[in-house]
């Protein structure tokens, strides 16, 4: 499967699993989870430097941005303007154009699709490659693609809930409605759900709380690594048809 | 001079500091940070030349863990 | 995870995935699927030799019983007597005691638990190590253990249906009701379902039609291999708690 | 629908909903729930009279056995002998032959099918009409019918759990495997689940904890009454086919 | 329950079930289904009069708009302008202000929320009381309420698919996000799904294909009538808590 | 005169018809219909007085079954 | 005499009681009960005639609420 | 002699064959098979010595693909 790479905005990634960098015990555990997950992209947040303690440990000391692609997000931005302003700083800080847009609402942190689409247009005009966190509404997902999204990232369930893939039918409709990569982001709780999402034909998975919030984050990172590979291979292999009744798997003739 | 950095007031900043000067003055580690001055991103290329002015509003950010 | 072996009746197996040998295009494809699945045990049927064509290709020419454990089944047996008679021949043919007991009914090929328990007692008395195909009835599964079953193998769905893990709650109750290995057998349709079964705490998976009936059996075999590893690791790692509402995965303070 | 009666062992019942008489605040509330449910059969337990307080309120003072059929159960019996002994006393006490057999195990109170079948044969030989609480194993359900069961009553989920209809596929297979009435008993948590069970083709529902354990048992009894009617009518009416994609419900031509 | 009316834009309705008028064999069958459903509101389409055959049967000959509220929809409109223009004509034709806004996309006939919100604002400014067909995105549903929607009507599944309540969690989040009535519209396939939607706390149900497409539409209309009542009463009664394990429903002491 | 009704051309409509006159001419049943003239809804109250003009574009609608 | 009723010992039961007599002695209400004597159900028809004997084991049951 | 092998009649089997002899006669490949004679499994150790008799019923099995 080595040639089956994830390609976003012309960039190639070996792993279809993207992990977050929030909620870990510390950056060391985060780095170990990254190693176990085999990911080559992590989501990161943009925040003010702590002026009073400039020597606090920094993410870059544990996860090398040269070896691992940082995907700056706009978590905490509730308007398009904030999102654009945040990502312009992120671009200057990191020197790259690939970003994750998430404009959340105060309704269960669900993405605000109206503000998201508005922000996307500003960012695209500003030269960004934008991976967009969104709902599983296939119509809006298509609007995002038409506006230039580099990847469509519908939620599986409310962020951090671990409720799993709540609406596989909508994810299928989204998959069919767009041609850019579809990456399921937010809401997964355990590995098999990531496999199930990939089996629908999704191109990748983002997991943060499911891994960081497990009793053993390193083990769960390995589990997600294998689950994403399993789901991808199952999708490519093509599943057997479902049958309403049993069929023998051993020959019926020749018994003694 | 007086600067507003990350939303806080700093009244005793030496006058005439460049961005590079300020980074040194604040002992910010030589790491990936970015600076916004009065709502405009400051290109790294201009850190040496850009002289900060009284009452400038600065945002100094970096990457931290996030989902 | 190298030390996390599947142990059945004192025998150690590196893989927790057991594949079938029925329904493949030919034995060559079967052997390739085995290689891809990384299994070290396969289920096999016991049938009459074709006297008129003694040179027909034989399973043993493609899958070496020395390297891969053959698990003879009693598919096609509808009474305990037939099952015992068949396995006694299998023991003589193969020279081993580890067998799979399945006594099916004519009701959707569901296992006949009454006959199955009766047969199990005969086989245990006869010195066999018996892995028992059964329903997901936790009471009967406990009876099977009490009668000396080496492994409990409840169905996920009607055999060959590909309907998936129909009743995770019962599989959980079975898992809690017995201490011998629990291996989900029959009815799975795609890889993520194998992962989900392992996440409940099952010790292994048997898959035949889901792999042999896929468009690309080799690819699906790889998918199941990774899915079983993923599910096992996720179970060991301990999942995050489910939450009814969203929780941010990025820090909420320090935004510009 | 007035002619669509539930017929068990030649007896006609107007309602397809049977309610329990356990767990209510008091018998008065129980009687009010019965009125709201519109049931004409209730399950009852057989217990020792309190010799030291013979004037304690008795069920028969609140629910008239002449107007409402008492269905004595064998709850608390863990062997066939106890079940038969209990029901013989029940028959003498009530003067009727229609009984509910439940032989539970100590594994999550799941029915012990081996003991249940044994008890059933004793009771049938003794002239009882036996409604049998059982698992959703279609093979064993057929054995129960063959042994003379008057009704097959598979559980939806562990008794008292309120987990709902865990395995609709098995209930469908049970429905297809027997010709006597199939009544889903135990495990339902809310009205829609009763409707869903009836839509599969079941002949009736038994609900106890779902009603008695609701905040407002009277209201929930009404809800179950309507749900059972809804499910029955939907089953008889024949559902629309499921479609993978949308179809307009308004004409597409003639728009301005 | 007689006082538990559905109130939309100050209008009171006795039934919480709204049925469609599309896809029936003929208007006579439609009228019979309405009678069986006990609804007092029906959705209707606005279309050009057939000039060449002015005597063709008309809906109003079979369903009296005086006794049954006509809810004109905008099916077939793909832009806000078309929707507004259509409903202005509908208002003149019928003489009422209560309308159903649906602006569909060409992506599986999913509602286009961007256009829908735009149209809603035009209609509200024009004095309409607007019941809005929408996705189950809680953020957009709240935007619709803020823009003056009289009722929020999220889809259960793609229209006409009969796939049922695909995402109960989102319907719950929508229910919690708005205070105006929430009416589940489109995608239901059978009665129990309507009950399940009401149990979440929805205020009403719209069903068209599920009834018109049943083998016996009259019977299915009755089924939906009872299902909506059942779900509503169950919601008001408050369900029992779910438990992971069994609990006896008969007393455990006093057995012989 | 010439009218466009529901997207079709009608060339032989008598001149000077009012909306009411047109309804009678087309034998449209006395039932719930509504008329749009050149993109504006025609109030029922003006049916008697409004005289149609050559090349007017009319939409004549009613309610039919729909989901 | 001594009887075991519902698993408890009763040492001071008058001798020679019939089942009917015992029901009256225990003031059991005239309601649906059933009695088992030494593991055999006692038919209601024999309540008047059946004389209980010393050390008889009785079970006296009725219907109560149950699921 | 006459043998019944796997349910079929074979009338022309040479008399006095041992099990080993029969395997050679039928040209069965030297592979994992097992033989049941009159409902009893024949141990491989006795193939050379066991002489088959007229009308013996034999089952000769091997492993094939199965689920």
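To keep things simple, chains are lettered A, B, C, D, E, F, G and H as they appear, and every chain counts its residues starting from 1.
One rule holds in what follows: a residue touches a chain if its C-beta (ideal position, glycine included) is under 8 Å from a C-beta of that chain, and two chains touch if they have at least 3 such contacts.
The structure displayed is predicted, hence computed values, not measured ones.
S.K.: What's the overlap between the neighbours of chain D and those of chain H?
M.R.: Both chain D and chain H are touched by C, going by the contact rule given at the top.
S.K.: Of all chains present, which has the mean Cα position farthest from that of chain D?
M.R.: Farthest from chain D by mean C-alpha position: B.
S.K.: Select the chain at the greatest separation from chain A, using centres from the mean of Cα atoms.
M.R.: It is G whose centre lies farthest from that of chain A.
S.K.: Averaging over Cα atoms per chain, report the distance between chain D and chain G in Å.
M.R.: Roughly 33 Å, centre to centre.
S.K.: On a C-alpha centroid basis, what's the spacing between chain B and chain F, in Å?
M.R.: Computed value for the inter-centroid distance: 71 Å.
S.K.: Quick one: chain B and chain G, Cα centre-to-centre, how many Å?
M.R.: Going by mean C-alpha positions, chain B sits 96 Å from chain G.
S.K.: So which stretches of chain E touch two or more other chains?
M.R.: As it turns out, chain E has residues touching two or more other chains at 20, 22-23, 45-48, 73, 75, 85-86, 89, 108, 110, 158-160, 163, 186, 208-209, 248-251, 254, 256.
S.K.: Spell out, as numbers or ranges, the residues of chain F touching 2 or more other chains.
M.R.: 6, 36, 59, 61, 64-67
S.K.: For this structure, give each pair of chains that are touching.
M.R.: Going through each pair of chains, those in contact are A-B, A-C, A-E, A-H, B-C, C-D, C-H, D-E, D-F, D-G, E-F, E-G.
S.K.: Please name which positions on chain E make contact with chain A in the complex.
M.R.: Interface residues on the chain E side: 105, 107-108, 110-114, 117, 135, 137-140, 142-143, 157-158, 163, 166-167, 169-170, 173, 177.
S.K.: Show me the residue ranges of chain A that touch chain C in the complex, using the header's touch definition.
M.R.: Interface residues on the chain A side: 1, 20, 22-23, 45-48, 73, 75-77, 82, 85-86, 89, 108-110, 158-163, 186, 189-193, 195-196, 198-199, 208-210, 212-220, 222-227, 229-234, 236-256.
S.K.: Going by the contact rule set out above, which residues of chain H touch chain A in the complex?
M.R.: Within the complex, chain H contacts chain A at residues 6, 36, 59, 61, 64-67.
S.K.: Going by the contact rule set out above, which residues of chain F touch chain E in the complex?
M.R.: 5-8, 26-29, 31-36, 39, 41-44, 59-67
S.K.: What residues of chain E sit close enough to touch chain F in their complex?
M.R.: That would be residues 20-24, 27, 30, 43-49, 51, 54-55, 58-60, 65, 70, 72-73, 75, 85-86, 88-94, 159-160, 186, 208-209 of chain E.
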